[in-house]
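One chain, chain A, links the two complexes that follow: it is found with chain B in the first and with chain C in the second.
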Partner chain A sequence: MKRKMRVLWLSAIACNGNMHSFLNYPYMEQFLNDFEFISHPILDSEYTLEVIVSNDIPCDILLIEGAISEEFQRADVPIVNIIQRYSKIVQKIVTVGTCATFGGIFRESDYKDISGLHFDKESRVDTFKNIFDKTISVSGCPVHPEILVNTLYAIKKSIALELDNYLRPKEYFAYTVHNGCVRNEYFEYKIDNHQFGALEGCMFYEHGCQAPYTHGSCNKILWNEVNSKTRAGLPCMGCTEPSFPKQNLFSTKKNMGIPEYLPTGVGKRTYLTLAGISKAFTIERLEKKLFDD
Partner chain B sequence: MIDKKQIKKEQIMQCALELFALKGFYSTTIPDIAASVKMSVGNMYNYFKSKDILAKEIIKYISGYLGKKIREINEQDISTKEKTRRIIEIYFQTASLKPEMIDYFLRIYLSTREVFREGCEGMICVNEFVTEIMIYFEEGVKCGDLREQDFFSAFGLFMGYLGGMVFLKGENILPKDLDEYVDDISHNIYKALSAD
Partner chain C sequence: MIKLIEKIEGEAKLHFSFKNEKIDFVDIEFTSTRNIEKILQGKPAADALVINPRVCGICGHAHLIATVQALEECYDNLKISNKAKIIRELTLNFELIQNHFKWFYLTMLPLFGEKQQVLKATYPSQLMAKAIALFGGQYPHTSYAIVGGVVCEIKEMELIKLQHYIDETIKFFEENVVVSESESFLVCDNIEKVLERNGDLPNILRVIIKNGWMHQGKSHDRFIAFGENSYFNKGKSLKTRVSNTLCIEDVKETPSSTSYAKSVSYKEKHYEAGPLARAMINKIPLIKDAHRRYGDSILSRILARVCEISQLLNHSKKLIEMLDLSEPSYIEPSLDISKLSGSGYSAVEAARGTLIHKVEIENGLIKNYEIITPTQWNLSGGTKEKLGVSQKAMIGLGDIKTAELVFKTFDVCSVCTTH
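Take a look at the complex of A and B:
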């Protein structure tokens, strides 16, 4: 019988949203034929957390969910000690979700020096620098289950993943969420006119959509294989980024009409020149609903 | 090597601007412009196929000229207040040294819309200039110096004021030279746009 990859799912300061997202992976049976959890907060597993924290249980991959603070404990052991213990045992460490990667929403809590494993928002954290080269980040709030699972399979098959500066696989994070958005036609001609939940209109100009400067594959690898925020009529909230969460997620921050955050890699003068040209024309087809309700 | 054709085009545009200011847009013909650059009418058409095309190129040329100057100001590490003053200075300087440029903008571009309807939709032909004004506003708001507001309410206040002064100067109504108004106008505009 082939050997399964042994995985430890360690929850730090988390809402367990990544775990719930993972449970929506559509091919779980196949996954569990190839991987086994030595410990998992809700799936059946071989060891309890009490056993895990006080022994060196053989393991291949450490998954960390949630933000990290030296004050936080699991089974009466500081989370940082558990991470140090298992990071020596495993081949790879994967930070699952934005809290484990950058601090995320829980970074706003009262825990002392709370951050992601290697990053406090954009800044490097040196506490675990000895395991930096062993780590892969799959950010997201929550993580996309297929991106997590595909990353785990890449580890299993010893595929060297090319990573960005935040250790995220470029395969999934070199793109922006804008890539594949079905509203691109409206973006091109600067037509917002959006009503939440409606099929028409781009949400970048007025409704806070962060897709043009958020790294992720939400519009390439769909959620539940059918949808994404922007397809459903909700703005991208930039949940894979170190800056997540920003404030006022449903309105576009502007300075005298110019969005404060511009599409990734597009200079302000370039953006304004293109926008000026697009704005000069009225595309009647896109100004109204494409079909009646 | 600087493009010789481009240099020639700019010479033609400069001569055309001067003629438009002197004789008016409609009374100036392509042969008049050709004569003033000492060029045959046939050769002139190698540069501009029609007077309407020339008219559009000229407004882009003026926009590019002013846009470049304002960009230099925008890229300096100075306060928004100082930027405001320098933009006003440069606008008035241009109106004094090259009155035909601002004259063209105010009297021909803004009031002869039928010529510019196609090919100069919206602010396409004045894009370089407007972009720099937008950046001046945006950076002013971002650093907290200017109050957040609709772009056009600020743009109208800024450019309407300057355009009005240059127009009055052109009508010989202003008792003093434009540069003598820079202090007061800079103060007024900055006060009106300021976040305080």
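Take a look at the complex of A and C:
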């Protein structure tokens, strides 16, 4: 029988959303043929957490979900000690979700020095710098199940994934969430008439959509295989980024009428020039309702 | 004797004391909190729609619906279309259903010596997640319900897709959970008839009866539900006497010195919340029959929760028929929430029971936010004189393994309990 990769799923200061997102992976049977959890927040596992935290159980990959603080314990052992113990044993460490990667929403809770494993928002944290080179980050609040699972397969197959500055696989994070959004035309032609509850319009201009400067593949691989937030009409909240959560998530911050955050890599002058040209057109098809009666 | 309870979205510690080889008292300790209510303070009110689903990875959608309703209560005359109301009710139903499947196949089965059935948990819960994503863009953690309605617009083709997700889930239930036609199962009023059936639920019920556990896990026999919609009724049930007048001001939260879970009572008494409570208040014949025979035991509790899957699937089909797609999904509030001052509360029925949110807004910013979760009703500890619901259910049992089983029939979610 082929050997399964052994995975330790360790929850820190979390909502367990990544774990439930993982349970939405459509080919779970295949996954469980190739991987086994030595401990998991809900799936049956060979060991209890009590045994895990005080022994060196053989393991290939350590998954960390949730933000990290030296104050936080699992089974009466500080989470940092558990991470230290297992990071020596495993080939790779994967920070699952934005809390484990950057601190995320729970970075604002009262725990002392709470952060992601290697990053506190954009800044590097040195506590675990000895394992920086064997870490991969799959951020997102929650993580997309395919991104997590396929990253684990890449580890299993010893594929050298290209990573960005935050250790995120470029295969998923070189894109922006804007890529593939069905509302793209309204963005391209700068039609700023979005209303909530409508099929038409782009949320970038008024309603806080962060998709043009958020790294991720939401609109490329879709959620639950059917949709995405921006397709549904909900602005992208930038949940894969170190800055998540910003404030005023449903409205676009502007200076002199220009959005403060512009699409990644686009200078203000370029943007203004483009916007000026686009605005000169009146594209009737896009000014009207899609279903025009 | 201390037992660490695992695989409950976090952990809890049960401190048992025994007297004459029976459990005499259990102190329930939840060991951590993220203090979400404090994180919310000072934030723009609408941001609560993004933060609050992150209270919980498995029932975050209930937190979204509770948030949007609490924010809307801060307005005087806010208009919501019927269409938006129905869509919100549908997606919340779908979340309840996925919860119930996961709890039964992942948490309950192993406690009865059966193998955990991962694929039977994930297959139907993924269908329900797709159904939510159809409206909300994704599951978990969408924020698609906003003050004034929902962000999505839907067309007939989405409804056809939705119908298929629901029908496929019904088929799964009929072929696996209780092998029966839903039409006849929904009107069944005799537990003997369920026990004659094949399926994973009757199997577990037979194990319970064979082992003589059908009277275990009884608590105060007092039930409560504050959430109201087109299916659930608000009310309380004392043994079998149901009254539908409840006053939210009589709900009290008490901090605990030994646990991060605050205890919740109604008029100074602990009440059980959740599917069994809802079924008693809604007078579901099959659950009333089980309750008549076995009281508020683990058998009634498990039966009520699994049967709610079938009821909610059936009711969701009716809701779809009531949708009028020509109505607006969203009606812009006359005053933008960034300029609003006011206070409001909401109560919704989440998978594990009544969820209450209370908010105070000043000039568009959150001044105060309070969350009372279903698991606080059921799992937070009381005192020896005034036992909490799950505490009472464990007292008198002879061993810790059975106590863990009883504790988990309430479905522990430690992240929600302490939030």
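Heads up, the rule we're going with is that the second predicted complex is superposed on the first by the 290 of 293 C-alpha atoms of A that agree within 3 Å, B and C clash if a C-alpha of one lies under 4 Å from a C-alpha of the other, contacts with A are read in each partner's own complex, and residues count from 1 in each chain.
To be clear about the criterion, a contact is a pair of C-beta atoms (placed from the backbone, for glycine too) under 8 Å apart; a residue touches a chain by one contact, two chains touch by 3 or more.
In this text, all values refer to a predicted model and were calculated from it rather than measured experimentally.
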item: First, second, both or neither for A:260, with chain B first and chain C second; value: first
item: Partner chain(s) touched by A:177 [first = chain B, second = chain C, both, neither]; value: neither
item: First, second, both or neither for A:269, with chain B first and chain C second; value: first
item: Chain B versus chain C as contact partner of A:52, first or second or both or neither; value: neither
item: Chain B versus chain C as contact partner of A:141, first or second or both or neither; value: second
item: Chain B versus chain C as contact partner of A:277, first or second or both or neither; value: first
item: Touching partner for A:68 - first (chain B), second (chain C), both, neither; value: neither
item: Residue contacts on chain A - larger count, chain B or chain C; value: C
item: Shared chain A surface residues [contacts with chain B and with chain C]; value: none
item: Interfacial residue positions of chain C with respect to chain A in the complex; value: 4, 6-7, 9-11, 31-36, 38-39, 43-44, 46-47, 49-51, 53-58, 60, 84, 102, 106-107, 110, 115-116, 118-119, 121-122, 125-126, 129-130, 132-144, 146, 148-153, 155, 161, 328-330, 332, 338, 415
item: Chain C-touching residues of chain A, taken from the complex the two chains share; value: 11, 13-21, 23-26, 28-29, 32, 40-44, 48-50, 72-76, 105-106, 108-110, 141-142, 195-199, 218, 223-234, 237, 239, 245, 247-251, 291
item: Residues of chain B that touch chain A when the two form their complex; value: 121-124, 127-128, 130-131, 134-135, 137-142, 146, 148-151, 154
item: Residue ranges of chain A touching chain B (in the complex, touch as defined); value: 254-258, 260, 268-269, 272-273, 276-277, 279-281
